[in-house]
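Here it is: the structure, laid out below.
Chains: A, B, C and D, in written order; residue numbering restarts at 1 for each.
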Amino acid sequence: MIRAATAALLACVFTLPAAAETVAITGGRVVTMGQSGEIERGTVVVRDGRIVAVGAHVAVPPDAKIIDATGKTVTPGLVASGTALGLIEVRTVETTDDRGTSARDLSAAFDAGYGLNPDSLLIPVARLGGITRAIATPAYDDKAGRELLFAGQAAAIALDGAPMLMRRGVAMVLEMGDAGAERAGGARAAELVALRAIFAEVRDFKARRAAYDRGETRTYTLSRADLEALVPVVEGRMPLLVSVNRASDIRDVLALARSERLKLILEGASEGWRVASDIAAAGVPVLVTPVENTPASFEALGATLSNARRLGEAGVTVAIQGNGNHREREMRYNAGNAVANGLDWQAGLAAITINPARIFGLSDRIGSLDPGKDGDVVVWDGDPLDTLARPVAVLIRGAEQPMHSRATELRDRYLPTVLSPANGEKP
Amino acid sequence: MGLADKLLRGGRATTLTTTLATALIFTGGGAFAAPDAAPRDAFPSTYQAAAQPPFAIVGATVLTGTGAEIADATVLVRDGSVEAVGAKLPVPEGYVEIDGRGKWVTPGIIDAHSHLGVYPSPATPSHEDGNEAVAPNTAEVWAEHSVWPQDPKFRLARAGGVTSLMILPGSANLFGGRSVTLKNVPAVTTQGMKFPHAPYGLKMACGENPKRVYGSKGRSPATRMGNVAGYRKAWIDAADYARKWDKWEKDGRAGDPPKRDLQLETLAGVLNGEILVQNHCYRADEMAVMIDVAREFGYKIRAFHHANEAFKIAPLLAKEDICVATWANSWGAKMESLDGIEETAPMIDAAGGCAIIHSDDGLLIQRLNQEAGIAMTAANHAGLSISRGEAIKWITANPAKAMGIADRVGTLEPGKMADVVLWSANPFSVYALADRVWIDGVPMWDRSDPRYQAPSDFLLGQPGQEFAR
Amino acid sequence: MTRRLLALAALAFATSASAETIAIVDARLMTMTAAGEVERGTIVIRDGRITAIGPGVAVPVGARVIDGRGGTVTPGFIQADSTLGAVEVSQVPASADRATHSAAISAGFDISLGLNPDSILLPVSRLAGITHAVTTPLYDDRGGRDLQFAGQAAVIDLAQRPDMVTRPRAAMVLEMGEGGAERAGGARGSAIVELKATLADVRHFAAHRVAYDRGEGRPQKLSRVDLEALIPVAEGRMSLIVKVDRASDIREIIALAREEKLRVIFDGAEEGWRVAADIAAAKFPVILDPLADLPHSFSELGATMENAARLHAAGVMVIIKTGSGVAHRARELRYGAGNAVAYGLPHDAAVAAITVNPARVFGVADRVGSLEAGRAADLVLWNGDPLEPLSQPQAIFVEGVEKPLTARPLELRDRYLPR
Amino acid sequence: MRMRAITVIAAIALAGCAAGERPQPSVAPTAEASAPPIDRDPYPSTYRAPAAGQVALVGATVLTATGDEIANGTVLMDGGKIVAVGAGLTVPDGYARIDARGKWVTPGVIDAHSHLGVWSQPDSVEANNDVNEMTDPNTAQVWAEHSIWPQDPGFDTAREGGVTTMMVLPGSGNLFGGRTVTLKNVPSVTMQGMKFPGAPYGLKIACGENPKRVYGGRGRSPATRMGNVAGYRKAWIDAQDYARRWDKWEKGGRVGDAPKRDLQLETLAGVLKGEILVQNHCYRADEMANMIDIAHEFGFRIRTFHHANEAYKIAPLLVKEDICVATWTNWWGYKMEVFDALEENAALVDAAGGCAIIHSDDPVLIQHLNQEAAAALSSAWRAGIRITKADAIRWFTANPAKALGIADKVGTLEAGKNADVVLWSADPFSIYARAEKVWIDGGIVFDRGDPAYRRHSDFLLGQPGETR
C-alpha cells in the first residue's frame, strides 16, 4: 500500500497531460451512446484527438498505445451542464469568484467565456469523476441590489487544460420563479412583463441599429451591449436557459417562449414532472438535479426523486446536473440515483453525455463514441453511475489525462502517517 | 405495555449514572424539591415505541456494525430489541417472517450532524432557527427549542434509512448552544422525538465562521486568535461557576445556592463530563489547538465535525479518542475546506480512529450510505483495504459513539434497540434503496406501503403530492 | 391513509368536465336573472352545462340526482379585491406576487401573469362558495416607490386549472386619498394634478406612438409599458378602480372622472353612504367591506355597517368584498354579505353583491354570476341559507367542473380528528 | 326613553371620576415591618356598577353557558345579579318585564384577547399605538392598563357586538410583553373606571416568529426559537432568585433592608406565586409543548395559549395540563406559524374535553365573536363532531371567563353571577343576529333601539357620520 502511494505521489508530480496520440481502448464493454449502441466487448481507437473507429471487430493500429479495458466499461466523457468550473476556486473568497457581475449596465452581455481559469484545481477533481466537458454558466451577483434580469451567456469548455474554451454563447441564462421575481421587483408578473418589454426592445433595436446609432430611436432600458447580446436570443438562435421550478412558472415560461418564438432550455424544474407533457409538447429540454427532493422553497413543494424518470417517460430530453461548484463530480451519482428511482439506465447515462451535448449544440463534437467525434473517452472499473466504480482512464480530445488531483496528492502525502502512526503527527 | 419502560431500563447503565452525577452537582435531589437549582431533565422525552409482534428478517446479507458481514443471515427482533443475529438461525414460532433474500440489512443509519428541524424546508426566515448569531457565546440556547417536527425532511431522511440523528445549532458562534439527539419518528412535539436519555452535546465552532460573523460587526472575535481567547475566557468563567456550586454542595447546601446561569450551566456540564463537545473544526492546526484548550481546562472533545483536514493528524485524533465526522465529497466551498479529500474517513479508520460520515445537509442525509460507499471505494483505490463491514460503522456504530448512545444503538447486537434497515441491494451502491426501516422494532418506513410514507403536515394538500415519495 | 391519497389524487385531477348528467332537485334557486328566485326548482347539468333550470323541470333518465331539499342554489360567489392566486403565505415574500417595487413597472404590472393555480388557498375559498375572484394588485412601497398605479386586476376562477384567468386586465388599480397622496408627495392636490398630467401624457403617447418609437415624442415620465397599459383607461375602455374612503375624496374623483371621461369603480368608500346620491348619479359601482365600521384613519371616521344598505337604497350598485387584498380570509365573504343583511341590505341584494354585480362590473357576466340554461354550471348547492355560517356547501361547480369538497385544512383535520 | 338612557350613561361615565375612596392595599402593613409594604394594587378599580333595577327577560331561548338551551326561558336580574334562569318562570312583582319571545339570551360576550384602548382607533395614527413596548425582549415591567385610552371608539362597537368583558394585552413583539388588564366594557373617562374589580393580572408571553424577528432583525437575542427559550429561562431564573430573596426577608421577620424592588421581576415573581396568570401567544404545537416544559421546570402554570392554531394537534396534552386555548376560526396562513390552522381548532379542543375559546385580537372581529364561533361550530358539524349550541356558547362566555380568572363572577347565566347579559334579535349563531340589548351588572349599557347608547366615545363627537 505504501508502495502504491509513493508511486502515485511520483506520478502526480511528473505526469503532464499526454499529447494526443493514437490510443486503442480494447476489450471493454463499450457504451457508445451513439450509432453503435452498446458493444459487449469492443475497441475504441482514437487518433489525433478524434475517434476513428468503434466496434467489436476493430483492428488495433500497430502504433497505438493500448489501454486494456477487459472487464471494464467504456463510455463517452461526461458533460456537466450548469457548472462554475473555470470560474471559481473558493466560493467565499470573492476574488476567486468570476461567475457574475454586479455592474449595473451589464446583464445579457456578460460572457462566462471570458476569464476562464484552466489551472483551476476544481478541474482535475471533476475529471476524476469522468467529466471531460462542461458548460461554464454565469451566476447572478446581486450584492449591489442589482435589478438586471439576465445573468449572462454560458460557454462550453473542455477540461484538458488551456485553451479550455470550446464554444462561446451556448445559452443565455435567466433566472425566473422566486429569485427572478425578486430581481424584477418582487412579483412574477413584473418579470414577465419586463421580459416581454425587453424582447420588444431588442427586436426594435435589431431593425433600427443604424437609427439607434444616430440617436434616433426611442430610449431603450438596456445598454447597447445587452441589446446586441439578446439579438440571437430573439432570433431563436441562442437558447434561453431559464432556471425555474414551480409548475405554473414552467407553464408561464413555455407560453413566453412560444409567443416570443424563443429557443428554450429549462433548468431546475423541480415540479417539471407535473407539466411534463407540456414541456415535451414544446420540445424543450430540461436540466435537472434529480436528488433535490426537499420542498426547499414554495416553488419546489412538488420536488421528487422521480422527476427525471417522469420527464423522460413523457418524452422530454433530460440532462442531469451535478451538485454545483466543487461538487460536480457527484453528477454521475445523481444520474445513478435517478436510475435507482426508475429512470432507464441508458437514459441515465445519456443524461450526462449525449443529451447535454445535444441541448447545448455540441453533439457534432462530443457526447457519444462515434467516429469523427472528439476523443473524449472514460474507462470505468464498474458501473459509471455507481458509487462503487471509478474511472481508471480519462481521455479528452484523444489525450490521456492524469488520474490525480490536488486532493489525491494530499491524500498520498498523509497516507504513510495514517498507516504507521509511530511515524508521528506529521510526515 | 412495558416497552417504554424497557427502553428506559436499557438506557440506565450509563445515563442514570450521568444523570445522578448531574443531580449531585446541581441539585442534590429532585429538581422540583429545589426549584432554584437546575432540573435534571427540563424537557423530558415523551417518546414511546409502540408494541409490535416479534419478527425475523431471513436470508439477507447483514452488516452488523461490529465489523462482521454475515451472508444468508437471520435477524430476530423482539419487544423492540435485537434478539439475535447469525447465519441461518432458526426462526422461533410466532415470529413474523420477512424475506430478506437478495437484500441487505444494516443497523439504522445515524447522522451525527444534522440541522433538520432547525433549518427546515421550505427555507423561510420564520422557520430558520439554527443560528442564534447574536453573541459569540450562546451556550445557553438549546437546539431542541428550535426544532420544527414538521420539517418534511425528517420523512425524507427516514426513507434514506436514518433512524437517529443529532441536531446541532449552527456554527456562527464560538459556542452555538446545546445539541439534541432525536429518534427519527413522526411526532407533533420535539419531546416526542427526543432520544430518551441521550446526553446533550455542546456545539463549538472553530475558524472562519465566528470570526466572519463577529469580525464584520466590529466585535471580537475577528481573528482565529480572537476565537481562542473567546473559548478560554468562557472556560475560565465556567470553571469558576462549577467551583462555586461544588463548594455550596460540599458545605451541605448551607446558605443561598449560587445563582443559576444558563450559559455557564451548559459549560459546567462539559467540565463535569455530562455534556459532550461537538466541535465544528476544519483545519488540522486548529484541531490541535482545540485539543490543547481542552487539556488546559480538563474536558474532552467528543468529535470534530467536518474536519476536512483530520487525515493530517489522524494518529493524534486516534490517541485522543476523538471521533471525526466528515464527508467524502464536500470540499472547497471556503478556504478552510480547501484540503478536503474523499478518503478522510477511511484514513481515520486506518489509523485506528473513530470515523464518521455525516451530512450537515438535507439532501445528503438521505444518502449517507452512498457517501460512505464513495469514501470506501476511493480508499480502496488508494490502496487501503476497507471492508464493507468496517465502512458501515461510519454511519452506524461510530456516530452512536460520538453521540453517547452506543450502548443502545449503532449495531445489531442482542439487547440493542431494534433500529434496522432492510436495503434492496448492497447499501454502498447508488442503486440501493431502503425498502423498510424499523425504529425500536416499529415499522417506520416501507417503500411499498403508503401507510408508512405519510408526509409532514406541512405537505398535506400541497401541489405535487399526488404520490408518496 | 390510502383514502387520503385517493382524495389527494381526486383533488389534483378532477379538472376535466364530467360527461355525466346531474340534476339538482327540489332546491331553492337564486338565479340572479330576470327569472328571479325559484322557491322549489330543478337544475339539470349535462356535460358541465346547465341545460334546464326552473320549477317543474323534468329530471332526465339516468341523471345523477342531488337532493336539494331544504337547500339553496346560488351562482358561484365572486370575491372582488382579493389576492387569491398571487399569495401563499403573506409574510413569506417569495410566495407573494401581489405587488412590484420595480421602478419601471406601475400601470403595466399585470397580475394575471404568474398566478399560481395550485395555490392551496383556492380550495379553501371554494369551500365558502367562491368560484371566482378579482385578483387585484397591491402597492409595494418598500423601495420608497412613488409610482401611481398598483397595476391591472384580473378575474380568475378557482378551479385550480392552468388557464385560471377568466379575464385578464379587467381593471386598473389606483389608490387616491391618503395613500395616493403619500405616494405623490404628501398632498391630495399633488396626487390629482399628477393623475391629470399622467392622463395627458398617455393621450399624447397614444396619438404619437410612432414618433415615440423614433425617440421624437415628448419626454415621458412613465415607461412605455405603463403608457401602453393606460391607453384603455384614458379612452374609457378600461375601468379604473379607485381606492378612496373620505366623502370629499369620492366627490373629487367623481368630478375628475367626468372631466376625463373615466370609468370608475369605487373601492372601500367607507364614507360612501354620505355621498350616495352623487355616486348613484355618476352610475359608478362601489366595492365595499360591510364589516368596516371603525375609524381606522381620518379618512373613514364615518364608517358604518349600514354603508351597503344605504348605498343600495340610493341606487348604487354594491359589490361586497372581504377586507382589502384578502386571500386567506376570502372565505368570510358570505358572512360579510350576511352582516350587510343584518344591517339592512335586502337578502337578494346581498347575494347579488357577491355574484351578478361583480360579474357585470368586471365584464364576465356572460359566463358567471347568474344561473341560466346554456351556460357552464358555476354554482353552489348549500344546505341552508348561503349567508349563514351554519350552512355548508353540498356541491360546487366551477365553470362546468364539479369540485370536491376538500381542502388542505380538511386533510389536516382528518389526520388529527379523534377516531 | 332617550332622556333616561342619557342619565344612565352619565352615571356610568362619572363613575370613573367620582372615585373618592381607594380600596385598601391588599398587603396590610405589619407592625414590625421595617419597610413600607408593597402596594399590590396601586391602580385600583373605581368601577361602579351602572344603576341596576329588577329586570325580567321573558320568553327567549336562553343559552346559559352551563350546557343548557332553555326554550321559552325567563332570566331574572336583580341588584346587578342573576337571580334565576329557567323555563316559564313566574315573574315576581316589581320586575320590569321585557318581551323576549322569538329572541335569544346569552351571558355577556367575553373576549380573552383584545388590544382595544392600547391600539386605538384611528389605528392608522401612530400616536394611538401603545401596544408594544418593543425595546427589550423582556418588558414584564410594563402594564397594559397604562396604555389604555378609554375613548377608543372600538369599545363602543364591541359593546354593540355584545362584549361585556375583555382582557387587553400588550403586543407580541417581546418574549414578555407585560401585564394584561381585564376591563368591564363600560364607558368611562378613566381606565380605573373600567377595571374589572378583583380580576387577576395576566402576564403576556409570546412564542415564535414575532420576538425572534423583532430582535433578531436588530442583531440582538432572540434571533431563533432556541434563543426565545433561553430568554424565557434566564428570566425565570432571575425571578426565582428574586422571589427567594423576598421570601427570606419576609420569613426573617422583615429585619434589615428589604430587597430592592424590581418591577420586571415583581411581575414574574407574581406568576411563580400563582397570583398572575400566564397568557401565552403561541401558535405551533411543538412550541406549546416546550412552553409547558418550561412551566414545569420553574413551577408555574400556563393559563391560556392564545392564537394556538395547532392546539388540535396536542389537544389531550392541553386538556391534561388544564390550559385553555384561545383561537380563531377563519384566520390562517398569513405567516408560517399559522399555516396549519383549521376552522375546527376550537371544536377539536372542546371535543377532547378542553377549554376552548374564540377570541378576537382585532377591533372588527371582537364585534362578531358569535359569528366566528358559529363558523367554528359549523365546521365541527361538517366534520361530524357533535357539539351543541349550548356547548359552543361557552367559547366566548364561560371559557374566556375561566381563562381570565373571573369565572366565579361572570361567563354563565347562573343565580348569583353578575348580570352581564345579551339579548339577541335571533339565534346568536346566525349571521343575522344582532345584540339588541346589553346589560352589565344588571344595568343597561346598550340598546339598539335607542340612539343614545351608540357611539359614546368623545373622539367621534362632531365628526362626520356621528349621527348615524
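Convention: contacts are C-beta pairs under 8 Å (C-beta built on N, C-alpha and C of every residue); 3 or more make two chains touch, one makes a residue touch a chain.
Please read these numbers as outputs of a predicted model, since none were measured by experiment.
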Look at all chain centres (mean of CA atoms) and spot the one farthest from the centre of chain C. B
Quick check: more C-beta contact pairs at B-C or at B-D? B-D
Return the distance between the CA-based centres of chain B and chain C, expressed in whole Å. 52
Rounded to a whole Å, what is the gap between the Cα centroids of chain B and chain D? 45
Go ahead and note the Å separation of the Cα centroids belonging to chain C and chain D. 36
Taking each chain's centre as the mean of its CA atoms, chain A sits from chain D at a distance in Å of 63
Using the touch rule from the top of the page, what residues of chain B touch 2 or more other chains? 122, 124, 126, 457-458, 462-465, 467
Touching two or more other chains - residues of chain A: 247, 297-298
Enumerate the residues of chain C that touch no fewer than two other chains. 88-89, 91-92, 94, 118, 409, 412
Chain-to-chain touches, reported pairwise for every pair that qualifies: A-B, A-C, B-C, B-D, C-D
Which chain A residues qualify as touching chain C in the complex? 147, 178, 181-182, 184-194, 197, 204, 211, 215-219, 221, 246-249, 251-252, 297-299
Using the touch definition up top, name the residues of chain C that touch chain D in the complex. 88-92, 121, 178, 247, 271, 274, 291-298, 300-304, 306, 327-329, 331-332, 335, 338-339, 341-343, 387-392, 409-410, 412-413, 416-418
Along chain D, where are the residues that touch chain C in the complex? 121-125, 153-154, 157, 209, 312-313, 315, 330-336, 339-344, 348, 351-352, 363-364, 367-368, 371, 374-375, 377-378, 381-385, 429-434, 459-460, 463-465, 468
In the complex formed with chain B, which residues of chain A make contact? 1-2, 4-5, 8, 89-93, 121-122, 125, 247, 271, 273-274, 291-298, 300-306, 323, 325-327, 329-330, 333, 336-337, 339-341, 385-390, 407-408, 410-412, 414-415, 417-419, 421, 423-426
Touching chain B in the complex: which residues of chain D? 209, 212-213, 215-216, 219-230, 233-234, 237, 240-241, 244, 248, 284-286, 289-290, 293-294, 296-299, 310, 313-314, 317, 335-337, 339-340
